[in-house]
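Heads up, the next two complexes both have chain A, just with different partners, chain B and then chain C.
This part shows the complex of A and B:
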């Protein structure tokens, strides 16, 4: 028995299409998740005790259950409560919510890392709460939240493979289909692993560049 | 009759079970330097922070030039000001912290010009010109492009003073401005403060620098266990016979060069 990658690579355009779906859902889900997570962290910090308590529930549920179960519930369970989503929408929503729960925790730690005096100084020169978050707290926590944020982005990329199970036409589903058509399962999996790994390394490279840029002032 | 810069009326502050300020009444006169002294935990920093509404008094009110700060009493009820009202009253105040609290991701010039841009709405150019003028005033024009981490403690504190002054406050509050500095750097900060005092700025200074209080202060307020024991001119406060509690407090400063007061 020998490996035959040619049959997989012959399907290059189809694989690229799947890759495109994967990258789009990944980037959109990560960005939306980060923004939503930041809003949740902000609301928990400044929205009073009730907001903190109420928001802690979805955060804990999303962090405490498997992503696969979450997307199954969204996709197959959604219709029971009138939520009919096509696979891509369900996948994107699922990834966003899952990411948001983790990003909320990352930003919570970020807020805690900014010395309270720095916000007090901002208030004393007349900045609003919003301006203080935007111009003082967010940039100050950036360097601290960047490594866990990039790490989370990488995890989210790998989680997108599970979206094949709700028939999102992303890379895993595409390549697996090709593998079974061509009777080349293992080759398909090897190609799949290599492409994910390349994407992860690319993301890590971006993260390191951003980190270097941000650390300019912390001499 | 001139209105006081700050009126503190029946202010008490409680942190949980602990009563940190007990019914403080104080009028800070305009154009003078008032020094708050007292042992650690006497409540002097808390009182100063109440004057900037960084702490909210549990009872009592504070007025800045006749205007309510943070809370006001109406129909016998305590009410909070809106954030906009608070910012308006607070705009008369400049605050300087023990830990400087410069924003580390901005240069000295960025720290000083930020509020001019974001709060006053000046253009970047106009804000930086004014910020630079303030840095000249504290003698740091050559450090304008440096980040806080590249400045000494004394330089950082002078930037922090410039940052507060840039917004033209009429009152400057200093919370132990030299306590985080080694003695060599203390002098440069005190010199800047002395210049400000000479220009007639209303200043409230929480300090352990008894020498500064005696030589620059117009009023000295002595706090102990959350009570304002007395306030008067430094000549009167430091002249014998002193209050026994102050006597005891000053004794602890003998080794720190306060003998001149004896």
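This part shows the complex of A and C:
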């Protein structure tokens, strides 16, 4: 058995298009998930006991079930309750919700790590609750929240591969299709794995740089 | 959604539990091996471990499984779906567990390693009898966490032809046209299993002997 990578590499533009979809959905899903997760964490902390209890349910369900089951439920089950989404929309919504549950926990831990004395002091000098969150708690949290946030972003990048199973035309689906057309399935998968590997290591590198940058402000 | 359908999902979840438990155990053994390589000080072994860990943590599990499933037959190795799934899952979790264990090995108190040396233990004996047990104890919560991640990740082994909980749900959803209740039930079963693992993990953690003082 000989391997022929030339037929795969000849399809470079198509692979890049798939890579583009992967990166776009990843970044959009991660940012939306982080924002939604932050809102959930804030509501859980400042919205009273009831909000905390009610919001803990979706967070635990999303964290306790496989992402694959979630997107199948959304994409195949959605139309039965009038939620008819195209693959990209379902994929993006699924990734956002899944990410939001984990980001909510990351920010919750972040809130808990800020010593209560600091926010009490802020309120004593006359800062409103909103100002306290914005000027005291968020900057103190940032350093602590950054490493797990970057870690989660990398996890979400890898989860985007599952979107191929609901026919989102991202990189995994694109490269698999090329592999079958060219009768070079193994070669296609090797190329696919290498591109993901490079992308993940690049994201890890960015995370380490951001950490180093931010830690300059820690003292 | 009938009881009969739910029972089929429950039966399939036994396969999910079996595949996950086997992969976690195999993965733990591999992870200890990778840790030994990484700490051996021998350049080829150190680099092998590093690249292995980076690769299996850097490529989506779905792609790993597809690659193993298609690559092995292409080089003349025909394995069953179960074997393919176990190889894929256990290599992947080995990389993550090795990364967890790294923190554990770093947390072994220096004094204990020195005492072992003074008592005449060879580096290998010290690794097997002193450092590994303490590293395992220190990283036990991470192991429970990893078990939950693998239970969820095992939903992917359907792509290599395994029929476990998620694949059974897919089949039933396609044949009954009731994807909503069926995938929701599958989700609930995953949730229940993970809940039990998390509670059992906390109980076990409390029952284990205490952590060594730093």
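Operating definition for what follows: the second predicted complex is superposed on the first by the 216 of 219 C-alpha atoms of A that agree within 3 Å, B and C clash if a C-alpha of one lies under 4 Å from a C-alpha of the other, contacts with A are read in each partner's own complex, and residues count from 1 in each chain.
The rule we apply is simple: contacts are C-beta pairs under 8 Å (C-beta built on N, C-alpha and C of every residue); 3 or more make two chains touch, one makes a residue touch a chain.
The structure presented is a predicted model; accordingly, all values stated were derived computationally and were not measured.
Of the two partner chains placed around the shared chain by superposition, chain C is the only one that A:81 touches, whereas chain B remains out of contact.
Using the contact criterion defined above for the overlaid structures, shared-chain residue A:206 touches neither chain B nor chain C, since it reaches no partner. Once chain A of one complex is fitted onto chain A of the other, the partner contacts of A:9 are absent, as it touches neither chain B nor chain C. Of the two partners, chain B and chain C, it is C that touches more residues of chain A.
Once the two complexes are overlaid on the shared chain, A:31 sits clear of chain B and of chain C alike. In the superposition on chain A, A:192 makes contact with chain C only, not with chain B. Within the superposed three-chain model, A:135 lies in touch with chain B and out of touch with chain C [touch as defined at top]. In the superposition on chain A, A:161 makes contact with chain C only, while chain B stays out of contact range. After overlaying the two complexes on the shared chain, residue contacts for A:115 are found with chain B alone; chain C is out of touch. In the superposed model, A:73 makes contact with chain C only, not with chain B.
Taken together, the two complexes place no residue of chain A in contact with both chain B and chain C. Residues of chain A that touch chain B in their complex: 115, 117-118, 120-129, 131, 135-136, 139-140, 142, 217-219.
On chain B, the positions that touch chain A within their shared complex are 52, 54, 83, 87, 90-91, 93-95, 97, 99, 101-106, 114-115, 118-119, 147, 149-150, 160, 163-164, 166-167. Residues 54-55, 57-64, 66-67, 70-71, 74-76, 148, 152-153, 155-156, 159, 166, 169-170, 173, 179-180, 183-184, 186-187, 190-191, 194-195 of chain C touch chain A in their complex. In the complex of the two chains, the chain A residues touching chain C come out as 1, 60-61, 64-70, 72-73, 76-77, 80-81, 158-162, 164-165, 172, 176, 185-186, 189-190, 192-193, 196-197, 200-201.
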